[in-house]
């Protein structure tokens, strides 16, 4: 059993997706989905333990030796991302039970949970695979299910948002396929480790830089790096609450992981940063993302949209860390993957609670919610503090590493940008807090606190974002080791 | 009880008090008794730690690591002891005052008030006992957030605006500058521990270290160095006990204490002397001293005047730190205590006038001294201390600060101190003089039926006023502690 | 080197850009999806070009089956079966096959393409119902 | 160079040119029905090209999917959403720019690539020969190497592909199905299809009224594809 | 009505042949082009043809949407199930060699199994897609 964990991590949700689709009642479908989600969390955590002891695990699917067959190759970076996905899934699924029951028609429940599981297994598949074409296949599984889940939002703009995401996502995926094809034509292999060995021999050929460019553009489309982020704000804003919470904390993270994988494992640091001057492109873009998108977030009247723009800015932080190309920078990027998943998950879930009770997340509808929904808004404040980067929250830990990485390069101006970004986060979080706590609630409107089934998952993430902010040694440790693995190349 | 446990206990006690407040919210008397009890107990524990420190020990409590190499750690050293003593002594006293004030003023949400009040003290003690920059920053921010509900206690439009300024400036400076400086320090020195003699010496060029110093000094927004002082007058919308304890003692002193601590334990006096920006910062402080006094002059609202006086006085301490010599730092450290007692007396008195006479404006206090002699008497004593005249404690700290300027040869700064004191003489003494010697305007009835403040408040005022005078006669404790801090050894300098 | 050289790749790139242009420039959502379809088909063309070996044949080992047959026949007549098989296999070595791997990958890509198309079209149907139009500029300008 | 190879290359070039013409016509046409038909033709022509390039499996699939299923889906959609494309509102400068840049980069990237069809191209050397030579021994007697790679060596990808198809179904049904799927019930001696959400009372009322019952009630049986829908009809969202 | 008779009769005659052709494609996939995916599409095409000629209502009677939908899900289960089967027999996921005593036989069974899974899924999905688009109007009205 345990030697099959790498495959089971992905195929258990994949098997249970059609099972969930076949059961007639949404409650049963939910139970199936919940079992799958919790299983993946268990599987990924036990894999982490194994990898910390034994080092990277290789699993040959179909029993074929790589590069002839498809290999799962799980190192610390993969499993770290897989844990993020699995953990967010495990927390979202109890949340979805109440939230989806209200936002999605009951009879579509089984289909919804099938889509959810497909998305989950797609994301997990991307994070553990060691084969570049397999990445594309699982990327499509997760994307297609994500598009359909986003389109389920009550607002009709969910449809256009989903369509826009579909178009941009498909372009991104096609670019990735082109990149993979160009790599294949020069090396004759699709296995990541094999590519890493064979690419340097042909790196002088013009094809490889172009493959690199296409892969980078394709992945940045998927991860919504400024200025390719256009699909993200609408998609996050109009999707059902549970979907937003799940997608926002996982999908872009997995794309960042892909970026890391391609830059460091496959092309290698030397090629990516010295030959391709990657930092010269990513750094300015991420800085603009941080500043411009935070500024845009400040002017949003829809809080989910505000958070979505904040997500684009936060993605800027991750990419900024990666663009340094140093162990410290990549550590900052990786740790922010995890931390941002926690806080954004919590924030979007809190907004889901508001949506549940108030029926809108426009800022003016949130007047007095501090009194009416104290727990929800307290969770929002908790997540918001983390977004700002107040000490004892995960956001602080991220910033700690990021600023350090910037200072290590002697670029104090970038360190300043990070700080300015935090202050802008302060402003947009504050806008919401002020309305919720200082305006009197509308007395005609009876608003009640969200049910416990929504609050508990929300608070689980808030608590985690404080716990890992106070004791970050585990995450920092894993992230540092992961960064060292990446930069040190494949062992 | 081990030393480490003792520290943990001391910091936690106010939190326990806060919990007690929540539990006992149904019966106000019990609730206030709980706070008082927690306050006295906290002070008692601080005294226990004081004993250890005087013995030359440095009790230490190390908790888990936040990021590898950066633990949350407490360490009690003499400078922190000064701050902790002041804060923990004045907490129960202020509670006593607040009981009378809040009831007399018919304030709402008293439970929330006492709750956050106690939590804030925990934050202040955390700052005082922090053993490294990270822990200090953690509690510094904690203090910012938990005092926010106190500032916006009234929840009016004005309170909201003030709260925005309060949080905005404090967070912006701390995140924008201070945190940057801390991470930079970690980057350079590989540690954020507070160590005798500093940790930064020799880690980078003078230019870089000078820049870090500027980041630190302006990054500690709670020290209210101009132009980052606006939050302090804004915070005066809070109920007077808050202004008194937090914005004359706990919060602002946390700021200047941070500056002192960074000067002594992160840079070290020797390094500080070599940095170009040290004297710039000294002059920035000097400018704030003068400007603060001048603005105080123009304010007719008593609390606003006291706020600007506080801004001015805080810069004395920053100035002391930036003089970068032993005398300056000793003076600065002592001024934490001296100013605290003096200023809290003034705030208490101002609050008493508000409760008893519903009067905020100085120009309308003519003749009030006759109906409220104790209050205005205490105000007079407090004023003396702030100005630096005997027989009040403030004269000692000013003396040492003056000595510090002489030692560094900065006569210009000495002149600044003199001028500021003269200004203080006017803008502070104007109040008791008007109250005692001026007649109430003819035909006005607004002083009729006015009595002294509520009894518990009056007791508090008397205690702080008496302490202010006592500090003049027995300043040894503070002097000894500061000498220990500066000399870096457990021994008391002669 | 053949007469085609790189022409084949470049022609495919032109097709790809035709699809890409339709995808990003057109306002009509169905047209966009058609563009996406052309784009993806062209990517498939590109992959298949990568796998083509000039003078090669489809990667179906015809002669292997044939060889077995020949061998069986030979054995049946009691001849030198093993030798016959060997001879045929040696002859088979000379046959060039095109690369099967790109074909396999592209089978997957075609399926992914039609899946995306179906989902996109169902979104178009819903958008038409909700907005009354499927022109992007009208969707953006229209009431929200 | 043998005659057969030359022939194949000529066909190849002709088909490519044909594809380019079809593609440009698709861009220019504003009648979506015509565009969809041309898309089907595009797929068929490219299927021919696949055959020329030895990808018979791909050709088969492209013909079935691209010319078949895709066209049916597109036509079904057009029937629902209308088939006239609006006039463009502005000149698409930016897309043109993006396309030219992208194409330029690709041309640059292929400029040093091993030439088309070379048997010694790296792509042909590393993994692929293993499939051609060893599959007989490793997977067994399956002459079509594409099948053995598809189903066995890279069977996991194929599983993913199946999941993608399934995901598409889930997505489309989530979007397009109205409530639960219609049910078949046995009612008074005959099978009838019941509209989702239809209560027993409604059903009985319909039967009593003597008209058609359940799902058979609405569609005229000879008109499978409904006419163009009017705007915004029926959807309560938004 | 008259002009449709030929169409109807033609369809009726043609359908079995299409289905047989699909099966041929399915099982001949080892030897020539074809396999589960293509066969599934052809199966579905036969059905779509029937629906186009005889009307959606009749098609639904022959193959209720529920069944098509179930097929779509079932195929995935079959495919993944083969993987689990090989895992249960001690091999890696989808390692068909363990499915029989002889690895080559095992491979053969495995390939037949997964191709069947592909066939069922593709057939079910394609028919479901057709129903979803074609039945859009009628189900709602």
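When the chains are written out, they are named A, B, C, D and E in that same order, and each has its own residue count from 1.
Keep this in mind: a contact is a pair of C-beta atoms (placed from the backbone, for glycine too) under 8 Å apart; a residue touches a chain by one contact, two chains touch by 3 or more.
This structure is a prediction, so every number in the text was calculated from the model and none was measured.
Peer 1: Name, by label, each chain that touches both members of the pair chain D and chain E.
Peer 2: Both-contact set = A, C.
Peer 1: Along the shortest chain of touching chains, how many steps lie between chain B and chain C?
Peer 2: 2
Peer 1: Per the definition at the top, count C-beta pairs in contact and tell me whether C-E or C-D has more.
Peer 2: Ranking C-E and C-D by C-beta contacts puts C-D first.
Peer 1: When you take the mean of every protein CA atom shown, which chain's own CA mean is nearest to it?
Peer 2: Answer for the innermost chain: A.
Peer 1: Relative to chain B, which chain has the most distant C-alpha mean position?
Peer 2: The chain farthest from chain B, judged by C-alpha centres, is E.
Peer 1: Find the geometric centre of each of chain B and chain D from their Cα atoms only, then give the gap between the two centres in Å, rounded to an integer.
Peer 2: The answer is 73 Å.
Peer 1: Centroid of chain A to centroid of chain E, CA atoms only: how many Å?
Peer 2: 36
Peer 1: Centroid of chain A to centroid of chain B, CA atoms only: how many Å?
Peer 2: About 44 Å, centre to centre.
Peer 1: Mind checking the centre-to-centre distance between chain A and chain D? Centres are C-alpha means, answer in whole Å.
Peer 2: 30
Peer 1: If a residue has to touch 2 or more other chains to count, which residues of chain B qualify?
Peer 2: none
Peer 1: Could you list which residues of chain E touch at least two other chains?
Peer 2: Correct list: 31-33, 37, 69, 72-73, 76, 80, 83, 93-94, 96, 129, 132-133, 136.
Peer 1: Going by the touch rule set out above, which residues of chain D reach two or more other chains?
Peer 2: In chain D, the residues touching two or more other chains are 56-57, 61, 65, 69, 73, 76-77, 80, 106, 110-111, 113, 121, 123-124, 127-128, 131, 141, 143-144, 146, 150, 152, 154-161, 163-168, 171-173, 175-177, 196, 229, 234-235, 237-238.
Peer 1: Name the touching chain pairs, would you?
Peer 2: A-B, A-C, A-D, A-E, C-D, C-E, D-E
Peer 1: For chain C, which residues are in contact with chain A within the complex?
Peer 2: Contacts found on chain C: 20, 23-24, 29, 32, 36, 39-40, 43, 46-47, 50, 101-102, 105, 108-109, 112, 115-116, 119-120, 123-124, 126-127, 130-131, 139, 144.
Peer 1: Of all residues in chain D, which touch chain A in the complex?
Peer 2: The touching residues are 105-106, 108-114, 121-128, 130-131, 152-157, 159-161, 163-164, 166-168, 170-175, 177, 179-180, 196, 235, 237-238.
Peer 1: Which residues, counting only chain A, touch chain E once they are in their complex?
Peer 2: Those residues of chain A that touch chain E are 4, 7-8, 11, 14-15, 17-19, 21-22, 59-64, 114.
Peer 1: Quick one: which bits of chain D touch chain C in the complex? Just the residue numbers, please.
Peer 2: 1-2, 4-6, 9, 12-13, 16-17, 19-20, 23-24, 26-27, 32, 35-36, 39, 42-43, 46, 49-50, 53-58, 61-62, 65-66, 69-70, 73-74, 76-78, 80-82, 85-86, 88-89, 92, 95-96, 98-100, 102-103, 106-107, 110-111, 113, 115-119, 121, 123-124, 127-128, 131-132, 136, 141, 143-146, 149-150, 154, 157-158, 160-161, 164-165, 167-168, 171-172, 175-176, 229-235, 237-238
Peer 1: Looking at the complex, which residues from chain A come into contact with chain C?
Peer 2: Of all residues in chain A, those touching chain C are 133, 136-137, 140, 144, 147-148, 151, 156-157, 159-160, 162-163, 166-167, 170-171, 173-174, 177-178, 181, 184-185, 190.
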